[in-house]
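To keep things clear, I will list the structure first and then write my remarks on it.
Chain lettering (A, B and C) follows the sequence in which the chains are written, and residue indices restart at 1 in each chain.
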């Protein structure tokens, strides 16, 4: 007897239960992450928002909370980020182009280069600080200046820029290169006119990721000589400070008001970060339309 | 779309029509030679067959090449197959003209029988008409005109039967024996030319309708 | 009775006429062959020491469409890439033998591959327009080669030549990727024509396209061969039959001991001959579809 009945009803099998359990665990992790982050942000904004005003942005720090501002720190952070961009992006993108378009993977020196890049990413940031102190501040005789801070942070974030740029360059289909070569383009013409323009979204994303990483670094900057109390505007070849350091300095003060100021400075830091992210997303979308 | 392919098809068709025109000339020549008993004209007709053969070969090769290279389907395929068959029929018609010419030469010296020659002129004119109708109906893809060939063929067939009876009625004069047999062959040639024209009409019908069909059965 | 026997009533034998007509036809084809554009002598291409294609010799004629057909793995794509030194881009590729273009050896030591590719253009299997506007795609070649004269005119001429101008003349600034597959392939052809090559190599140009686009490309090839020599690789032998004047059939030789599969040239002749009476049984096996 082969009475074949069709049974399509929903039944609770072991696989299905495991599936639902897994889904529940996923929800828990997402919630935990968001809840923690959310709590932090809400706390910061609640405390700091009233203190975000003209004084914070334009006045130098002072012993009196009412008159204290973070202007030198804000300028310092902006200078460092600017220098970082100017140094890290060309070096990083150049390295990526070399590795992806020119290098022969079989050669030992290219393999060594790839290995070193991976190592760079694994080094703790404080070691970069020591490096900077030894070689840039003392060795090269630069002194405890903004440029030294920017240079050391460049090294720190270089792997990020390189990896992101390599991915972006690799993502350009080989058929585009073949098409350009077949028309009689040289290697450089192909790279500069086809590969790089197509890789810009990825490179931009990588650069912004690098900046985001660097903007919060404190330890290397301190070791390279960032001052905790700077009442004047920093210059590139002069003493400097940065927002994370200013925040740290304010939190360490006994007065409650300084801690609220620190929260306000955190908000400013976040705003700078979000602005950079927004710019990166805009840049990516503008170029991605073409694909 | 497929411009070269269309040009090749058009070329095939126009070569076939050219061949048809040549066959008409050959037939006219053979008839004139027969009726006027001109041996030299008959020689020309025989030599003229080379031109028709050249067309025949060109079409054969063209079809082979076209089938191999262009894989025609639907109406294109039917056209190519129709042209293939028509080509053969035209070539056979030309051969019959040659036969008539050769027989004309063989009876050059015999005195003419006016009744017979009139009959041949009549049959010849019918045959010419049929060839024209066959070629035109193909060019126009005119099914009705193609089918009308059957009736025209009927006229030639009757003409053939009358010739045979006339020859029988002439009695058994030994001098006439050979001549008589040859004249029957001439009549037969003209009748066969008519049949081939009908076959061409059948190919036109196949091209237009897609059906393989004989216009009449064998019992007529 | 003797005269009756002599009366020739059977169908005319066309023996002597046959030969004469056939010879005339072959001479017509031979006279159509213009100058020799490429001469390939004993060409062997290896990847990492393993020969992919060996001992190929043939001539490519100007104003002809030449097709390379054969089963997959027979080296026809490798072969066509030898004509514009695109195999140089593959590090493991090694080319032995000679490829002469207008008499000059393309693989001579002092020959710059970039110079070669300016004169010998290539269209690929999958249309590969650059992610730029239609105008910029076609203008890319003239720009990088610093060609003088009006760029607008060059672009228009190339697009007209590729039978694409009417469809895109009002949206030259639109993205090339907004075109259909068939249009993209014609754009790639226009891009290739803009640098004014002598030869256009096409590696399976229509295999990624639908039948209507394929027919459009084939009609285009017929037009283009008035001015250029065209060499195409196709796995669709009916396409070769429709389009090509000369056809070369490649096959695969298997070296059992070393487990190598190497391509060889089996037969090279006019297309009607290849498809009606090929000389080699292997060719016949392939074109009749009975190939294993």
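As a working rule, a contact is a pair of C-beta atoms (placed from the backbone, for glycine too) under 8 Å apart; a residue touches a chain by one contact, two chains touch by 3 or more.
Please read these numbers as outputs of a predicted model, since none were measured by experiment.
Participant: Among all the other chains, which ones are in touch with both chain A and chain C?
Facilitator: none
Participant: So which chain ends up closest to the centre of the protein, judged by Cα positions averaged per chain?
Facilitator: Central chain is C.
Participant: Which chain has its C-alpha centroid at the greatest distance from the C-alpha centroid of chain C?
Facilitator: A
Participant: From the C-alpha centre of chain A to that of chain C, how far is it in Å?
Facilitator: 52
Participant: Could you tell me the distance, in whole angstrom, between the mean C-alpha positions of chain B and chain C?
Facilitator: For chain B versus chain C, the centre distance works out to 45 Å.
Participant: Would you kindly tell me how far, in whole Å, the mean C-alpha position of chain B lies from that of chain A?
Facilitator: Centres of chain A and chain B (C-alpha means) sit 92 Å apart.
Participant: Would you tell me which residues of chain C are touching chain B in their complex?
Facilitator: Those residues of chain C that touch chain B are 3-4, 7-9, 11-12, 14, 17-18, 21-22, 25, 215-216, 218-219, 222, 238, 241-242, 271-272, 275-276.
Participant: Residue numbers of chain A touching chain C in their complex, please.
Facilitator: 104, 173, 175-176, 178-186, 189, 193-194, 198, 290-291
Participant: Hey, which residues of chain B end up touching chain C in the complex?
Facilitator: It comes out as residues 1-5, 49-50, 53-54, 56-58, 61, 64-65, 68-71, 92, 95, 98-99, 102-103, 106, 178, 181-182, 185.
Participant: Using the touch rule from the top, collect the residues of chain C that touch chain A in their complex.
Facilitator: Residues 84, 86, 89, 91, 114-115, 117-118, 121-122, 124, 126, 128-132, 140-141, 144-145, 175, 177, 188, 191-192, 195 of chain C touch chain A in their complex.
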